[in-house]
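Look at the two complexes coming up: chain A is in both, with chain B in one and chain C in the other.
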Partner chain A sequence: MPPARSWRSYPQTYRLEAGRCTSCGAVYFPPRLICSQCKGREFETFSMKRTGKVLTHTVIRTPSAAFAGDAPFAVAIVEMDDGVRLTTQVVDADFEEIRIGLPVKLEFRRVYSEGDAGVINYGYKAVPVRS
Partner chain B sequence: MAVGIIGYGAHIPRRRIKVEEIAKVWGADAPSYKRGLELREKSVPGLDEDTITLSVEAARNALLRAGIDAREIGCIYVGSESHPYAVKPSGATVAEAIGATPDCHCADFEFACKAGSEGMFVAHGLVKAGLVKYGMGIGADTSQGAPGDALEYSAAAGAAAFIMGSDEERLLATIDETHSFMTDTPDFWRREHQYYPMHGGRFTGEPAYFRTVTGAVKAILEKSNLQPADFKYAVFHQPNGKFPVRVGKMLGFQREQIDTGRLVPTLGNTYSGSSPLGLTAVLDVADPGDRVLMCSYGSGAGSDAFILTVKERIREARDRAPQTRWLLDENIRYVEYGEYAKLRRKIRLAE
Partner chain C sequence: MRDVAVIGVGMQKWGELWTKSIRDVFVESALLAMDDAGVDHIDSMYVGSMSPGIFSSQEHLESVLGDYLGQPHIPATRVESACASGGLAFRLAWMEVASGISDIALAGGVEKMTDISGSDATYALATAADMKWEGISGVTFPGLYAMMAVAHMDRYGTTREQLAHVAVKNHANGSKNPRAQFPFPVTVEQVINSVKVADPLNILDCSPITDGAAAAILVPADQVKNYKRPGVKIIGSGHATDSIALHGRDDLTTIRAAAEAGQRAYEMAGKQPSDIDFAEVHDCFTIAEIVVSEALGFFEPGQGGPAAESGATAMGGKIPINVSGGLKSKGHPVGATGVAQVVESIEQLRGEAGERQVKDARVALTQNMGGSGGSCVVHIMEVM
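Up next, the complex of A and B:
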């Protein structure tokens, strides 16, 4: 991925910035230009809470080349406490520990690197909430 | 105007490796290493963790305790000897991730293990000078020791972040005095493009660590007209378990003043994060009015010493983020040397 492309997504990958429709309150991550619920065009930007729960999950054993060194790894669709759903790796967890409904939080991690000389792409990954 | 810490946060990777696990690979005697280093295990970062990711998590925890808008932070300094890039600031990514950009001064610091306290020192100074409202100093490392070297038993990973400010109602601890002591002492180094550092063996002790730390602490005690008995806690740089206890004894501090902030037996040496993480563990339990001494040490060689007094607000702020002892003692997972070698990129892969 060219650096410019990952740079454009920093508000979402770094700060979980979502858009909330000022007309009907629908939340979008990443933000949209037109609300699919009410066709509104005004949104307020806010950083989502970093907590949610696993909606569904799987284990990737044959990844694309960029993630070959990470395999096997867990991927989940996480329903955030702010309502949106996103797809992310689940790390710092044994595979058998990951289950539907598992409370997770999103931590800042390396997502992938452009080899040893290219840019390092950072973003979010889910880790189980432990108290 | 009182200036001090208004927010602090720590982050430690979940994985650990025991001294026995490293020793058995190299045919070394684990009990003698454990005895010699007073160290049982150390933290190990994941493949997706580095100085930047650890710094971001520590900084987020510091913001939770400070309760401020990150855009009010006027400077961010990340001190480390394991910055992920040779050219590209770690601090810029940290600032972007916590929402402190764009009106923010930023630099990365290096001074072996005292790079973190340098960030704290400069952030404190800029707040005191009135140039910024709030300043953040972070110490973080994912340090490497050469396979089989004594350093491999201790080189660990972790981060601590501190937000400096002068709002009377936000202060968790005032910084009452600072002092830096620094000479050119070649006890530990890593040349450009070299993967592992080298060190001067026993030369790292008396003429380096002990002379520098005692020099800084004696000077700050004299400047402040205080005695070791005036402190509830003392935190020294902890490359192993023995050095902080021994230097404390040399200076007149008792073991009970040192143990709360001495995390190294189960954490390892987190380099730039070492004494700053010790300070976070002290702030997690200190009472208002307690006086704290912190003294870092960085090979090369220098020490930054701070005298702090804990304020009443510590009681309500400390539970807003995970406490350091919890990060250290709970939620941990042990790895064997093979996984450790993979995670620390010690295995040569096909091009």
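Up next, the complex of A and C:
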């Protein structure tokens, strides 16, 4: 990935920054310039909650080239406690353990490395919250 | 707006057409359509092609294809809406004729997918998902539809066997289609025991990588009498978009763009789901057909799985779906698929579908979808 493209998303991939519409409260990850709900254009940046729950999930057994070394791995759509939804890998978990409603938290992890130079892309992955 | 009819269609046998270039593949099917219509020239054309840049290292496709079709200088447009590119090209050709700008428009679609490696093809297709915010997870297209399947199974009790029944039915239909890439039957056991791709979807739940093209010729309905073939009228057209990322949608068990596009087409046509005699829908994965059959109103939410299992969507059932074999058996050259759905519909409505013929078919619906449902195009056609 071109370095500028990675750099632009550091606020989200490293710091989990989302946008909240100041007029209606709708949340966007990544932040946007106009709100789909109320057409408002004022947003406040906030760092979203690290905890949430699994809405749906799968195990990728035939991956794309960039993730070839990682398969099989689990992927889920997760809803964070402040309403943001995102798609993320679920790690440090047995596949059988992953179910709809499973409480998870996001951690900062290596996502993939690319090219001979070994540029490493970091980002978020979900892990189960164990009480 | 003028009423518009289709007077000719064409499509070669699909598969791995390694001796043919993207130009040859397109022109072959386009000429079949022009011959069927009995025309040697067209006023304009729209060609759906998702990613000739990656699959064939060729952008600016409209220039290449207009020239190689022997129609120099015509207004030609390449249309891109991922796997809905073909359906959208058909809609734009319909608008072109309806508006009065052209009297003979060609709607086509083409994709030449097998020249590049499987992983490069997977990458090309992945660009129809949210490359940044879904891509970060390593999720694939089968993975996105697998997550719809898991959500649908959880809410409605849809079963692994019901998913398999979609593939079994479509392969049974496709085995009667001489142009299908995989014209052979499969069993529920074969589907369930095939190689795992993204749980719960296996390889036999997925549509294949295919080379192919399809084309249709559109004219004003009141000019059909000037041509040799019977016309089939386009009575409804609906188009809708949605968030490209699956996680951006409120309900993970439906495809809102299909429901919206369907509603718009039904309204324009003055028809209801119960008026449709058969439908060609976008079964890129088995779960997709189940979800779409609900979104289009053929079945209540949650009843798409039982319907597939009971035979309600099979030939002779309440609403035969994918009598051509669907994407699953016929093949899925992404840009061509939406137009191939039209080809099957026209042949059925003209009573020329041979062994696959739906008895007394008068009204057909086609539904073509991009990505995980980020775009959708629906058409309704009726015998004149």
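Criterion: the second predicted complex is superposed on the first by the 128 of 131 C-alpha atoms of A that agree within 3 Å, B and C clash if a C-alpha of one lies under 4 Å from a C-alpha of the other, contacts with A are read in each partner's own complex, and residues count from 1 in each chain.
Here is the rule we use: a contact is a pair of C-beta atoms (placed from the backbone, for glycine too) under 8 Å apart; a residue touches a chain by one contact, two chains touch by 3 or more.
Quick caveat: nothing in here was measured; it's all calculated off a predicted structure.
Under the clash rule set out above, the superposition-derived model of chain A with chain B and chain C shows the two partners fitting side by side.
When the shared chain is aligned, chain B comes close enough to touch A:Arg130, but chain C does not. In the superposition on chain A, contact is made by A:Asp70 with both chain B and chain C. Once the two structures are superposed, chain B and chain C can be ranked by residues of chain A touched, with C on top. Looking at the shared chain after the overlay, A:Ser9 reaches chain C, while chain B stays out of its contact range.
After overlaying the two complexes on the shared chain, residue contacts for A:Ile120 are found with chain B alone; chain C is out of touch. Of the two partner chains placed around the shared chain by superposition, chain B is the only one that A:Val91 touches, whereas chain C remains out of contact. Looking at the shared chain after the overlay, A:Leu55 reaches chain C, while chain B stays out of its contact range.
Look at A:Val27: by the touch rule set out above, it reaches neither chain B nor chain C.
For the three-chain arrangement built by superposition, the Cα-centre angle with chain A at its corner and chain B and chain C at its ends equals 150°, in steps of 10. When the two complexes are overlaid on their common chain A, residue A:Arg110 makes contact with chain B while staying clear of chain C.
Taking all C-alpha atoms of chain B against all those of chain C in the superposed arrangement, the shortest distance found is 12 Å.
Residues 70, 111 of chain A lie at the contact with chain B in one complex and at the contact with chain C in the other. Chain A makes touch with chain B in their complex at residues 10, 14-15, 47, 69-70, 91-92, 107-111, 120, 122, 125, 130.
Interface of chain B with chain A (complex): residues 14, 46-50, 52-53, 56-57, 60, 84-85, 93, 96-99, 330-331, 333, 349. Looking at the complex, you find that chain A touches chain C at residues 9, 13, 29-30, 55-68, 70, 73, 75-77, 85-89, 95, 100, 111-112, 123-124. Considering their complex, residues 119-120, 122-123, 126, 132-134, 136-140, 142-143, 146-148, 150-151, 154, 195-201, 245-248, 252 of chain C touch chain A.
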